[in-house]
Structures are given as structure tokens and as C-alpha cells.
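The letters A, B, C and D name the chains in turn, as written, and every chain counts its residues from 1.
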Amino acid sequence: MGLAKIKEALAGLAVTDEIEVVKTIPAPPPAEGEAPGKPVEVKEKVEQNMLFTPDYAKKGYHLDVKVTPQDVVTAARILIAQEFFLESITGVDWMKDGQIEVVYDFNLWQTLCRVVIRTRTDRTNPEVPTISDIYSGANWHERETHDFFGVTFTGHPDLSPLLLPEDADFHPLLKDFKA
Amino acid sequence: MSADVIDKSLETFVLNLGPQHPATHGVLRVKLTMDGEYIVHAEPVLGYIHRMHEKMGENRTWAQFMPNTGRLDYLAALSYNHGYAMAAERAEGIEVPERAEYIRCITVELNRIASHLLWFGAFVLDLGGFTPLLYAFDDREQILDLLESVTGARLTFCYFRFGGVYNDIDDNFITGTREFIKRLRSRMPMYHDLVTKNIILIKRLKDIGPISQEMCRRYGATGPVLRGSGVNFDVRKHEPYSVYPEFDFDIPVYTEGDSMARYMVRMDEMEQSMRIVEQGLNKLPEGPVMAAKAPKILKPAKGDYYCAVEAARGSFGIRLVSDGTNTPYRLKLRSPTFSNLSLFSEACHGMLLPDALALMGTLDLVIPEIDR
Amino acid sequence: MAPLDQVLALGRANSLWPMTFGLACCAIEMMAAGASRFDLARFGAEVFRPSPRQCDVMIVAGTISKKMEPAVKTLYDQMPEPKWVIAMGNCAISGGPFVFPGQYGIVEGADKFLPVDIYIPGCPPRPEALIEGILELEEKITGSRRWPRVQCG
Amino acid sequence: MDQRSTTDLLYIAAFFLGGLGFAIGPFIIATLLAPRGTRNITQKTKQLIECGITPIGDAWIRYGVIYYLYALIFLAFDVDVLFLFPVAMAYNKVTGLGIGDFVEVVLFVGILSLALVYAWNKGVFEWKRKNYNRP
């Protein structure tokens, strides 16, 4: 199945992050007379390899890999070698943790295998290397993401505004954008 | 776009196939650098009808965004309703009753036929023939009457709800649809005799605007553009959703990859959609059209969800990022014609201007869907 | 009106050539109005001219974005006198469903920069509404209404 | 100038004036009946039409020679038809022998169509797709 092949091909690029996991410690067994104690919730930092295979029925994709911005190009090369095509590039502005997330969707023609590649760059000046020389379709997707979020794709042939007027210098989809 | 390096000694002039042009079916502007009748470099300029649906998604609740999906690609708006409704249902885990699924598929396929009929009329109009437009619109009006009797709208539908559809179909819709299919089946041979076998059309479309599979993969083209280049990729079969597995229909695929192939794919797709509608009507189960416990206020769990449907122009995808509140955190609309048009610049390199317009006609563009 | 003016007005009113100027969804309803069932030809308005030099009426059908506004102005100026403007659909009247607090892209209404004669509400308005709009324009030009007015209710 | 030639001259003059009238008439009527006021906003009436966008650069450049050949071929056959009009008027009247006139017309058109055959061989009518990328 395409999924297994691509999974171990991308395994090397997956980033390990610290994510907070809420653990509930069951209350200790009550000593004879007192009432039983309440379970206690504790937040903990856990090392987590950011390569998931979520269930397709709920999420809509099979493989979700988080990579560093530099590894996006290598991931794209692996994917085009295995005949994936680029469906779309999405930008998400996580203002609370000061990051902009760029999500790449890939899919296969023959078998159904939707792969999602994620990167996070810091919000003040977001930088992601371009993949428009590998996937020519990414040229427009990246220009649009630059329009809406201000992510500069290094190496992109011409990052002028695509959907906004030529002299636009604002980025409308940022959460703190005021018209 | 492959950075084509043009030698400077060539005398070229810039022609604007501008925002107001009959062949661009909307407000697309293509900046053409021309050498006489030949196109040296074509650069589509977008944004003339950019209305920012995605930001509207971020300050509207989940249900309030449904009318927007009808105004993205208003020729096949029901598949956009379907995509958005399914994405939210998957995220929330709502079960859609059987009858509602059948009604959804029937109305989406009827809408696809209407969209292809309008494309057929407008495309032959681009090539110079005026009368097929009037015939195609006549048929299309029949479908719009049927869909209007059920949904209330002619073009910008807002018919689906999370968990079903809001209005059940009645008997004269069913008899009307059967009559319409009989009538359209009797008229399709006339369209084929008058237009498809017309030597002028064949001369204008045969081997014009070849698009290779490799180019489709690099640009992410989907839908009839891809199926015209020999790839059997149709989201209804590739990623079966709703009740499409119950219908037996096949996907027309042509391998030549020229404008004639893309034209024939859409003409055959009308026949397949009619088969689906007929089977849908025969197997229509009884029962409710709205899920019993569809939540009024939708609050899907945190995380992001992707859902793709086969719209008339390609695979329309929606990426929802929800943070658990009742308004989406981010809502990305993956529009098929955005990717289909991105290969226009490379596909029409060095072509004659009229041939490039024939190629653009076969890409079947709807500009508000590209600009969103 | 002087008799010659009346003759001129009658001639102009019954040969309003609209410009193919579809912006968005309303353009499809405009095409449907021009096509076989709703047939604008009955009112002399079925000739949709692509070039502004040969049309009398600019039907603004759809949303006008800020990027498109200079182009609309140029097209309006390039039309010869006498010319009229019909704002078709809510977007052309007031920005329609796309007015929300953070909207940076659209011009809210064609009358912000064009002298609009007839407003046709609807999203999109039905082809009959466009025909009623053209009849309304004819009444505005000639001063009298030749076609029966639909009494609803 | 005997009586007949003056009437002929009168016919030609009347025909000429009629033509002139048809040519100049609409301009006069247009200036008389055009509305005085204008509702323009940005005074771009005189600008060239390019789908609403101000034209970029200039189109008065040197074009390929193929378009000149195309125009020449049209001109040749246009003038050819011009000569056939009087022939059609005087057909069969002068020599009374139908065949002679017919052969002359066929000969005349035949020599001219040699130009067409030459152009066809030179490939004027094939509009092949070009590749502008430098190798």
C-alpha cells in the first residue's frame, strides 16, 4: 500500500516536539474513615514524534508529518518521486503561540493516500523555502499564502501579490489584521 | 511556471486579455506578451473578483458560512454545499439519514449536468457558434426549474444542512426529473451531430493545447482537465463518499490530452450523471431527510479536518481548522480551477491566440472560484 | 419633451445594447435572461456587445472589487453618450453578502463611483427582475411605460 | 458634349453625391442629435480599448513578414475580382462566341492563382506552434 512506503520514507524527517499532555492521576485508595480523594490532573511535557496516522474517516487524511521548514523541500522531493501531486498549501496563524503554520496536502492518483506535511515558523518574519521548482503548481499557492499571511517563500521566482492589488502591503488573514 | 528565457531581440507587444472579455467568462485578466499572432508568454492576473470568503468563514458560525459555499462556484454550487456539509459532519460525527444522502447525490448530479450544459453553450460561443448556447440554456432552464422547486434557489444554492437537507423532494420533482432525462437523452445525439461532428470544431480542437500527465501532476490539475489527459482520477470513485458506491457509473477518460479530449470528457460525463440520477430515483428509500439529533450549535473537536468532493470542475477540498468554538479558526477552500488555470501559462506557450482561447474554454473557468 | 426628443427617446429606449460585463453570479442570470426562455430580444436588448464603444447600457452584474474599480471606470468612460448604468444584484447595490467587519477588498455599491440609473435587488435577481429593470429604464428614458406593469398581490 | 454624354455624366454625379451623402450623413446627424452633457468620470473616453486596462507599451512594432504575404494574396484576388466586374457586364456581347470569353477569364484567374500555389508551398498558410524558449 502506498501509505506504508511513504510513511517510512518520511519517518526520517519527522520532528520530535514537546507537547503538553494532561494526565489524571487516580485518587489514592481512601483510608478507612475518610471520603475518597478526587483524581488529580497534572500537565506534563512529553517527547512526541510528530508523525501520526489519524483515522481517515474522521480527519480526512492518512498521514500527518510535522517537519522543520528546511525539510519541506526534501519531503516534496520524496513525494514527487512517489508520484504524489500537490493539492493545496494552507497557512494557519496561531497567534497565541506566536507561530504561523504552513500545511501542504498531497494525494495520489492511483490509490487513495492523502499525506499532510506541516511546518511552523515564527510569526514575526515567517520564512519557508519554496517548492515551486519541484511542484510548479505551488508557485501560485505560495504567492497566495504570502498574500494572506506574509510568509516569505525563499527562492520563489516572483512573490508579488496574486489576489490582492499590486501595491498591497497588508496581510488580511492574520488574526490581528484590522481593515 | 517554467521560467522561459526569451531572447531580447524578439519584438513583442503586450496585449491585455483583460478583465472584461467575453472569452474569460468573468474577470480574469491574462497579460499576453505577443509576437504577432503567437503568444510568447501568458501571465494570468487574478484578484479582480477577490471577495475573501475565507476571512468571512472566520467570523461566521459554522452554519452561517453555508450560503458562501453557494457563491463560490455558482454553476455547480451544490457540490460545494456537499463538501462543506460533509466536512463538518465528519468533524462532528453526525449521521446523515439514507434518504438525505440519496437526495444529495441526485441534486448534485443534476447540478453537474446544468454546469456542463452551460459550459457547452459558452465554450462553443467562444469558438464562434452562437446557436448551441440557446439550446443548452433551454435544457439548463429545465434543471433550474426542478432544483428551484426543491431548493428555492436557481444558482446560489444553500440547500444542505449539517445532518441532511432541509426540504424533502416531492413526486412532481421525481416525475419532472424522469421526463427531463428522457428529453435530454433525445437531444444529446442532436448536440453530437450538430457540434461534435462539425468539421470546424474538430479542426479547432484536435491536437490543440496538449496537456501531458506530467504537467497535470506538477500543477495539481484535477477533474475533466486531468481525465482528458488519460488519468482515471475522480473523487467519487477514488475516495468514495456519501452513497456513490451504490451507483454503478463509469468515469469517461480520454488519453489524447488535447482540447477535443477534454471536450469529450464533459460531454460523456453528462450521460454518466444522468445514469446516476436515474439509479438514485429508482433506489430512493423512505425515511427522514434530517438527522434526528443534528446539533443546533456545531462545536467540532479541536484539530483540523480535510474533506474533498468531486465538483463539476475538479476535486474541491475544504480544510477546516477548529478550536472547539462555534466559529471556524481557519477555513481553507481548495478550488479546482485555481490549479487548473495555473498550468495555462505553460500550456499555451507559443500557441496562436485563438487556440489559446479554445484551450482556456476547455479549462472551464469560473473566476470567483479562483479568486475566492 | 420636444417631439424630436420623444422620437429619439423612443428609438433609444427600444434598442438598449448592454455590454457583456459579467462580474460574478449575476452574470449567469444575465446570460439566462438573454438566452432562449427569458429572451431579452423582445425588448430590443439582446445584442450583448463586448466592446464599450458599441453599447448603451452597462449592466454591473456582480461584486466590484477594489482591484476592478479602475477598470470599471475606464469602461464606463469609453462608452459613447447617451449611456445608462443598471446595478444588478445586491453586490452592485451595496456590496451584498460580502460586507463584513474586516472586508478590505470590495467597493460597497456601484453608485460609489458610477451614476447608477436602475437598481435591481436580488442575489442573484431572477431574469424576470432584470427584464423589469430594463423596462424601468425604458420608462425612465421615454417617460411612459409601454409594457403592462405586473400587479402582485 | 452631346445630349447623351451629359445625361451619363449626370447619372455618375448623382451616384457619387448619393454615396458621399451616405458617408458624411451619419456624422452630421450624430453631432446634431448627440446629447450635450456627459457623465464621464475619469475623462478616458479617447483611450484605446483594452478590456478596461490602460494599454501597456506600443503596438506599432515590426511584425513577421508572413502577415504581409497574407495581405498581398488577399489584395491580388481582390483586384482580380475588381477586373471581373466589367468582364461580367460585357460577357458574350463583343465576340458573340461564349467559349472565347470563358477561356480568357479562366486564363486570367489561373495565372493569378499561381501566386496562391507559390504561397501555399512556401508554408504561408501553416500556422505551426513556435517555441520561444532559448535552447
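Everything that follows uses one rule, which is that a residue touches a chain if its C-beta (ideal position, glycine included) is under 8 Å from a C-beta of that chain, and two chains touch if they have at least 3 such contacts.
Fair warning: this is a prediction, and the values are worked out from it, not measured in the lab.
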Return the chain pair with more inter-chain C-beta contacts, choosing between A-C and B-D. B-D
Using only Cα atoms to place each chain's centre, name the chain farthest from subunit B. D
If you average the Cα atoms of subunit A and of subunit C to get two centres, how far apart are those centres in Å? 47
Per the centroid of Cα atoms for each chain, what is the distance between subunit B and subunit D, given in Å? 45
So, what's the distance in Å between the C-alpha centres of subunit B and subunit A? 28
Distance from the CA centroid of subunit C to that of subunit D, rounded to the nearest Å? 37
Touching two or more other chains - residues of subunit B: 2, 18-21, 47, 50, 52, 55
Specify, in ascending order, the residues of subunit A that touch 2 or more different other chains. 164-165, 172
Can you list the residues of subunit D that touch 2 or more other chains? 51-53
For the protein chains shown, what form does their contact graph take: line, ring, star, complete or other? other
In the complex, go through subunit D and note every residue touching subunit B. 50-53, 55-59, 61-64, 66-67, 127, 129-134
What does subunit B use to touch subunit C in their complex? 18-22, 25-27, 47-52, 55-56, 59-60, 67-68, 71, 74-75, 118, 121-122, 133-135, 137-138, 140-141, 144, 154-156, 367-368
Applying the document's contact rule, which stretches of subunit C touch subunit A when the two form their complex? 66-67, 101-105
Using the touch definition from the top, list the residues of subunit A that touch subunit C in their complex. 164-165, 170, 172, 177-179
Subunit C to subunit B touching residues, read off their complex: 19-25, 27-29, 31-32, 35-37, 50, 62-63, 65, 67-68, 71, 75, 97-98, 100-106, 123-124, 126
